[in-house]
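Next come two complexes built around chain A: one with chain B, the other with chain C.
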Partner chain A sequence: MAYIYKKVKKKISVGKNPGEKYFAAMVSEGKASSKQVCELIDKDSTISAADAELLFRALGEVVSENIEMGRGVNLEGLGVFSPNLKTQGQSTADEVTVDDIKKVTVNFRPSSTLRKAMEQAPVKESSRFNLMHV
Partner chain B sequence: MIQYTVEKRINPMDKLNPKFYPKIVRAATLQTDEIANLLQSRTTLDKSEVYSFLKAFANAVQFLITHSYTVEVEGLGIFTPAIKAKAVDDLGDLTAKTILKKGVNFRPTAKMTTRHKSIGFEKANLDVEHI
Partner chain C sequence: MELEIIKREVFITDAQTTQTKYVLALPRKNAWDMETVSGLIAGRTTLSKAEVEFVLRELEDVMVEALQLGAGVELGALGKVEPSLSSAAVDTKDDISLENIRKVNLIYKPSKRIKRILKGLNFEINRRKPLSDNDNKGSKSEK
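Right, the complex of A and B next:
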């Protein structure tokens, strides 16, 4: 278990101290497909992989419908999905209209359980990558 | 339909010219029990099975994210592990200690994003908020 990172070199041209900088960047070990997640759920619960697949679709519908009503959705142990707006500003309150709402986004805030697990997870440098220049 | 109000924001770099933005008025958050009821009504499963699913789902995401895996959930979206790290001037100073935070990002499915483009909005009858 670990967050895997690689070393990256990048030229930064803004800020108080511009120049070439080094920083750690996330490395994905792979992508677990929906089917693989269903198989994990099958092993960890009374639910079959096929039922998990149906439940995922139903869950997606429930989240989407509630986002459309301006409601958040709290999944205990996982986190909260909530609607947010991408907007542009006006000089006066009276000038603000619906046209200033550019997009509805879905925010995800992890639960305290998930946050704790992430905080406690170790970090490890990737053995697959040398220093990357970006 | 999403309700919105108007919010005044003062830019610290330009305090004399505040701007006004639409701000979402959030309705009450749907809790796990209500979600379980809705999922049960849309499937042939009973509530205890739905709860078992939700718990196993949370465990699966936690396991995969903390093992640096991206998690795809059909119908919902993608969870991606993420780190926040500070930049250093020397390569020798770049260690795991420069990682300030470990977290997760979420991106909804393209279908959900497209669906949300047709959401309607209604202005709520509230005073302008100042922040």
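Right, the complex of A and C next:
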């Protein structure tokens, strides 16, 4: 069980050494849909897939409501979802206005369990993809 | 409903100078924990709080399995989480190796619902505290 990486070519126009560069990038192995996740939970527990789906919907609502209030949600084992502002800086406090807000995002900080699981998985080169141009 | 924001002082340093800048930020609030969230979810479903907590812990196991296989996981109305790599840039294709990989990351992509909420947010600057004491510790960053 390992992460597979592929080589990609990108044109970099900033930095000290711009030009065509090569990077390693993850090969996606697809996605487990929320329906599949619910079915797995159904198989492993007494909770039905339908109830698990309702739970995910309610989870989305609870996290959204907290984000609207500027508050994070800490789902131990998964991680913390918290709102974050990307803003432009000004030279004095009086110059700062709401117009300096460029974007509001949601940060996800994975739990130590997830982080350890990611760090421990080995990585190897893809045999399917020779070179991808991005 | 308006989201309260505060002004914060930040210090931006490079090799020669330190500049003081002022930015807007969200005031620090304690995140709601699993117990609180489970209780709320239980109130909106037919599941008990214990069942909700159980499912969220099962979700953790499912995510670990999927992510270690290089697969993302969709979390319904919450969005999706995907593994990704960050690697150093090299000049030729043959120079890329495992050593160039800096880190395996988890990228979170919010759902359309959450993106809509984020776009529709209104803000109000807290005028009672021009530079909030609790949150303004003069955070530093380097260029």
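What to note about this one:
Following the convention adopted for this analysis, the second predicted complex is superposed on the first by the 119 of 134 C-alpha atoms of A that agree within 3 Å, B and C clash if a C-alpha of one lies under 4 Å from a C-alpha of the other, contacts with A are read in each partner's own complex, and residues count from 1 in each chain.
By definition in this document, contacts are C-beta pairs under 8 Å (C-beta built on N, C-alpha and C of every residue); 3 or more make two chains touch, one makes a residue touch a chain.
Note that the structure is a prediction, hence the values are computed from the model and not measured.
Taken together through their common chain A, the two structures put chain B and chain C in a clash. In the superposed model, A:16 lies in contact with neither chain B nor chain C. 1, 3-5, 7, 9-10, 12, 19, 21-34, 37, 40-41, 44-45, 47, 51-64, 66-78, 80-85, 87-93, 95-96, 98, 100-101, 104, 106-108, 110-111, 113-115, 117-119, 121, 123-125, 131 are the residues of chain A that lie in the contact sets of both chain B and chain C, per the superposition on chain A. Chain contact summary for the complex, chain B toward chain A: residues 1-4, 6, 8-9, 17, 19-32, 35, 38-39, 42-43, 45, 48-50, 52-77, 79-83, 85-91, 93-94, 96, 98-99, 102-106, 108-109, 112, 115-117, 119, 121, 123, 128.
Interface residues of chain A facing chain C in the complex, by the touch rule stated above, are 1, 3-5, 7, 9-10, 12, 19, 21-34, 37, 40-41, 44-45, 47, 51-64, 66-85, 87-93, 95-98, 100-101, 104-108, 110-111, 113-115, 117-121, 123-125, 131.
Note for the complex: chain A touches chain B at residues 1-5, 7, 9-10, 12, 17, 19-34, 37, 40-41, 44-47, 51-64, 66-78, 80-85, 87-93, 95-96, 98, 100-101, 103-104, 106-108, 110-111, 113-115, 117-119, 121, 123-125, 131. Contact residues on chain C toward chain A in their complex (touch as defined above): 1, 3-5, 7, 9-10, 12, 20-27, 29-34, 37, 40-41, 44-47, 51-52, 54-60, 62-64, 66-85, 87-93, 95-96, 98, 100-101, 104-106, 108, 110-111, 113-114, 117-118, 121, 123-125, 130-131.
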